[in-house]
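Here chain A shows up in two complexes: once beside chain B, once beside chain C.
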Partner chain A sequence: MTKPVSTPVNNLEKIRKSLGRRNRSERLFRWYGRLAIFIGLAAVTVLFTDIVSKGHGAFRIAYLQLDVEYNQDLIGVDNLSDPKQLILANWQAVPKQALREQFPDVSGRSDKRKLYGLVSNGAGFDLKDRLLANPLLLGTQEKVWILADDDIDTYYKSWLDGEPYAARLSDKQVKWIGELHDQGKIRLQFNSNLFTRGDSREPEQAGIRGAVMGSLFTLLLTLMLSFPIGVAAAIYLEEFAPKNRWTDFIEVNINNLAAVPSIIFGLLGLAIFINFFHVPRSVPIVGGLVLTLMTLPTIIITSRASIKSVPPSIREAALGMGASKYQMVLHHVLPLALPGMLTGAIIGMAQALGESAPLLMIGMIAFIVDIPGGFSDPATVLPVQIFLWADSPERAFIEKTSAAIMVLLSFLIVMNTSAVWLRKRLERRW
Partner chain B sequence: MNAINSVTGAKADVKQNLEVADNQVTVGSCFTEAPKMTMRNVNVFYDDKQAIHDVSVDIAKHEVIAMIGPSGCGKSTFLRSLNRMNDTVESCRVEGEICMDGENLYAPKLDVVELRARVGMVFQKPNPFPKSIYDNVAYGPKIHGLADTRVDLDEIVENSLRKASLWEEVKERLHQSGTGLSGGQQQRLCIARAIAVSPEVILMDEPCSALDPIATAKIEELIEELSQNFTIAIVTHSMQQAARVSHRTAYFHLGRLIEVNPTEQVFTMPEHELTEAYITGRFG
Partner chain C sequence: MNKRSNLLALLLAAASVAAASSAAARDSIEVVGSSTVYPFSTVVAERYGRSSGKPTPKIESTGSGGGMKLFCSGVGTNYPDITNSSRRMKASEFQKCQDNGVTDVIEVHIGYDGIVIANSVKVSPMELTRKDIFLALAAKVPGAVAGELIENPYKTWSDVNPALPNTAIEVMGPPPTSGTRDAFAELGLEGGCKKIDWIAALKKTDKRAYKEICHTIREDGAYIEAGENDNLIVQKLEANPAALGVFGFSFLDQNADKVQGSSIESVEPTFDSIADKSYPISRPLYFYVKKAHVGVVPGIQGYLNEFTSEKAWGEEGYLAEKGMIPLPIKERRAMAENTRGLVPMTGKEGLK
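Right, the complex of A and B next:
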């Protein structure tokens, strides 16, 4: 009798003693979890609130209502089908004259220049497009809503919000805007330019169409290259390759590639695709190739994981029926692994959509006004567009930047949601 | 103190009794006239570890041969080397000669796809494809190109399901998923799938170990019916099952084939003391 014997009564006491401690640590852990989730949600909420509060203004933009006259002599055009005349024509004269008529008292060069500054310097070209769409307007008069200059837009919005920002305007311009407002001749309209135009130095004319199309072409190429290559590599490594030192070596290196900073891929693309193969720079082809390099490891790793998760009993069943290995993969493993592969691919694509660093290296940061129409047109992409706008000094680009971020985020949300949806939908129950 | 010693002593006794001599020769009637499959001096290795030692036995045409033995005795490994399913295990190596109708299954020119069409297999856990019942059964005929028309295929599917005595239960829902069936039905579906390509031999690896007694009884009944047309090799850990369904029984022990005899004889008058020890439940 050196040690107390373990009896049922003794044990029960010990268990009861330990119960409090065990329950306490579980409660504590639950609170840690809740705290972590709360912090995460709070961060997301702050981020989204900030972006939306800054960016929502960009979806509306100020327009002025003016009486314009499409005067042939003023513009210098009498035949709208003559391209030479269209090039030489003085389109900006039309809004200028309309402004002079609106404010007949204004005189003097500097005052007039300030007056002309009320409308966007692209207003004349908007009127030209309007005239070309309806040639009968030539020589007539009409009331038209004309795009205001970005400083006017910024001031008018801030004035409506009760905190006027007039640092970039003269007192006279402020007074004119007040008069226009009293006459109901200035208002905020839906900013369709944001979605239909390419980039511009003038904030009121700048849009994200070019960047969206650039992203689209780049991602399309990335998907077309990285998904088949990635899935084929994953299937080969998982199902066909012998397990030896070489395949171990390859596996380790694929995992390493996934961790390589993306800017390195940009440098690699610059060295190989542009300098060696002489692919033109700034085009979606080279962007897609670089993003393919970056996305491949992600797709290979997720595809391998989803191939691994297919139960071995299915493989045995197929092989036992006399299916060849290829048939086993094609008929049974691939359909079961596909949801996981698609999810991986979409997440890889979302990653590629948000990537800017590697694209800076291959010239997709160029200022490009034209909307790209194909894989070989110079283009930029959404995140780079955000970077460019965030870097611009004009105040109106602040809200544009946030608006572009909202568009990018909504693309990402759509992609991630569709990944979840696809997985739920294609998943087979056992 | 005394009591403890005596217990370990008894264990040591049993252990001594169960050891097998390296020159162990299989007793009983290993060889038959006009065999379907012949195995001679088969050794199977996993890397350096030998799982099967020098097994020689015949399987007669249209017989049911049961392979019994304690866990880890190599009976499943041996069964899986009969249709080269062991090829999928990279570390596995088979030596010796395994022939079907005199043709060496491990000859380099033999295609495993053809072999597995001739030697079907039913696994321990029911593993229907996550497809419809119809597609499960039609899969084999489709990949081997056995049916020329849709009507032929329908007929093969119906016949196979009838032979697996599953037709009456599923004929109304052929296009529902095979994974929605009960465990016993799933296993019969797997049998139907295996016989749809009309194999010559069917290997069954503990086909009832995941099933309840009623489902087991149905499968056993089925095995008896199938033995009229097919040669069946079944691995089982249930001695009663071996006694009920098989014509001959092979007893494996630590990778060696100890005894092969007609089932009745094995369970009433086993020749070898290890067989006797096992079937009387002294270990297992």
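Right, the complex of A and C next:
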């Protein structure tokens, strides 16, 4: 005896009964998905609005217009080509003199100090650079826009926004700024210092150029080392290595390394490169080496995946035509897998660009003013610069921090977009 | 073929860049050490670099202890020239320096830093004593009988001292890794701890137990570790007017519109009160120089001269503007002379 076979009618009914439930769960799932995307987008929007609202102010900075006189006696220079005179010269005397002329009735030591506090203490050096560029100015007079002190800048911006913050200023300074404003002698200009200078402890003179160059050198070295090594490792493992316990072991280890917290690579770098090989601290070489260790697993894994995605028919065709294995890999597999590898490399680089933890151990969290000119100059990188500014007491660094974050984010967006573009443009689908 | 040689060339180029530059000697000063001294030494470094036209010294913020370790590791361009410290060098560190061949070390006492206990300006300022601080924040406090210790039972400030407001004890401060925390425990908590007679007597008989009582901060949630970033603590205080925060004086100075300092033993933390030492919670700031490096690494002498000039560390100097509290004029002069003359430590300074 066989069991009674359920009739098709019964089955249909079953399906019809379950249909509502199944549709419902699908609808629910879609809503979950939408909710997830919404939460993600909302978080990004909040983050971006917060950063942009705090940071947009940093792209403009207060300047004062003053009548400066490049008086030889005042500066103590009569020959601009004599380096000794240039070092001993009193450059700050020029803006000080100009301020005294602007406010002739200010007297007394402490009032004068407050008056001199209106301009940045680097203003004299800015004028020196201007003078060296046009030596004919020596002995003449001109109207120049001079960088204001960061406290003045913070106050003036907050005053323009209607919520003046004057705790760091004296009443007299507030009055002077009011007078300058009425005469149109204070204004916000594009803050070119932010992009042309290195770090500084004076917020108005601080820039990200040093950190950008440091990031550039570090990443260049990382790319130069990790891409060839990563691709070579991937090709060997995928195409040449025998499949045995050893290669399995290596594969497990590579996957493991990709998940190791980045600070561990910093410790490794400290032990190997600095303590053993005596590479100097805080230079892009050691940073690049450490970040190479960190990005290698990512590059190897993505390169292997893109080699795997090249269909076997290509390999067989090449071998069938009499190509050696080496020729098959170099002439056929590699060119087809390259777009995928490049995408992996760009994503790896983007990761490396945002890293600060491994650099902590190797001395790249440091105050470095001079803009690095090569792989062996002390340097810091963008995320570290953001960290250092976020930790500074001066109020004006808050907006600088957000501005630096905006720059870092735009680099990341460019890199990630180009990765997507490369994939769309060059990748072949089989 | 030619792809392979490209690849090889790239690798070789990278390797040679790495090798060549690691061998090069150093032409700029390397400074490590305390994150409290960092904001001051960086200003000096920058001014020195700008006015002399020489490379600007590189300054790393490694913490006082970490800086000493690097500094005392040896002599030579692989090791830092100067270390900053927010406490005096310990005898053990001095010994380690000597053992590693760092025999001549110049000690420079540069000034003071105040530690403030602040709250939001939206509420009225607190008037505390060090004893209040100890009773509110220590892990264990004296019980009813002398010699007895109990787990800190106090929940509100009025439990500690009836004169204080009836708000929950909630203090945000730096984590144990921070030098500020050490100094706060030593000057704030221990300062109050000493006022209790039997604990003060314990110092002579059992120093370890005394330290254990006086320096251990409670961990039941009344003291909140808010990270090393003092700006963050200021922001949190603004959001939570019931809380107090512990941080360096320079942050109070910069954020006077948001936070106010509590008075300690009825002295408010101001520039002057910290300078004349009437405000009790302030700590000395130092840096240490390797004499063997002076003349080898260019610029050290110039950096020392800049740091010890009146325009830098004087009462009207630019470091005072950044929130450092200068030494009294006489000490300053003597210290400047000592530093410029490169007089090393003798080991008889009475280091602890």
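Note that the second predicted complex is superposed on the first by the 423 of 430 C-alpha atoms of A that agree within 3 Å, B and C clash if a C-alpha of one lies under 4 Å from a C-alpha of the other, contacts with A are read in each partner's own complex, and residues count from 1 in each chain.
Basically, contacts are C-beta pairs under 8 Å (C-beta built on N, C-alpha and C of every residue); 3 or more make two chains touch, one makes a residue touch a chain.
Please read all numbers here as calculations on a predicted model, not as lab measurements.
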Exercise for the section: In the superposition on chain A, see if there is space for chain B and chain C together, and answer fit or clash. Expected result: fit
Handout entry: Which of chain B and chain C A:His332 touches, first, second, both or neither
Key = first
Exercise for the section: Once the structures are superposed on A, label A:Ala133 by its partner contacts, choosing first (chain B), second (chain C), both or neither. Expected result: neither
Practice task
Mind working out whether A:Ala259 is in touch with chain B, chain C, both or neither, as first, second, both or neither?
Solution key: neither
Problem - Touching partner for A:Leu319 - first (chain B), second (chain C), both, neither - result: first
Exercise for the section: Considering only touches as defined above, state whether A:Pro242 meets chain B (first), chain C (second), both or neither. Expected result: first
Exercise for the section: With the two complexes superposed on chain A, say which partner A:Met224 touches: chain B (first), chain C (second), both, or neither. Expected result: second
Fill in the blank from the handout: Max touched-residue count on chain A (chain B vs chain C) belongs to chain C
Practice task
For the superposed three-chain arrangement, provide the angle chain B-chain A-chain C between C-alpha centres, rounded in steps of 10 degrees.
Solution key: 130
Practice task
Scan A:Ala390 for contacts with chain B and chain C and give back first, second, both or neither.
Solution key: second
Problem - Least C-alpha distance (whole Å) that remains between chain C and chain B when both complexes are overlaid - result: 13
Exercise for the section: Could you pull out which residues of chain A sit against chain B in one structure and against chain C in the other? Expected result: none
Handout entry: Touch list for chain A against partner chain B, complex
Key = 242-243, 311, 313-324, 327, 331-332, 336, 428-430
Problem - Contacting residues of chain C [partner chain A, same complex] - result: 3-4, 7, 10-11, 13-14, 17-18, 20-22, 24, 26, 28, 30, 35, 38-39, 42-43, 45-46, 49-53, 55-56, 58-61, 78, 228-231, 248, 250-251, 253-257, 316, 318, 322-323
Exercise for the section: Give every residue of chain A touching chain C within the complex, in rising order. Expected result: 83, 86-87, 113, 121-122, 125, 165, 167-168, 200-202, 221, 224-225, 228-229, 232, 277-283, 285, 289, 330, 334, 363, 365-370, 374-376, 378, 390-395, 398
Completion exercise
Counting only contacts in the complex, chain B reaches chain A at residues 83, 85, 88, 90, 113-117, 120-121, 123, 125, 127-130, 139-140, 143-144, 179, 190, 193-194, 197
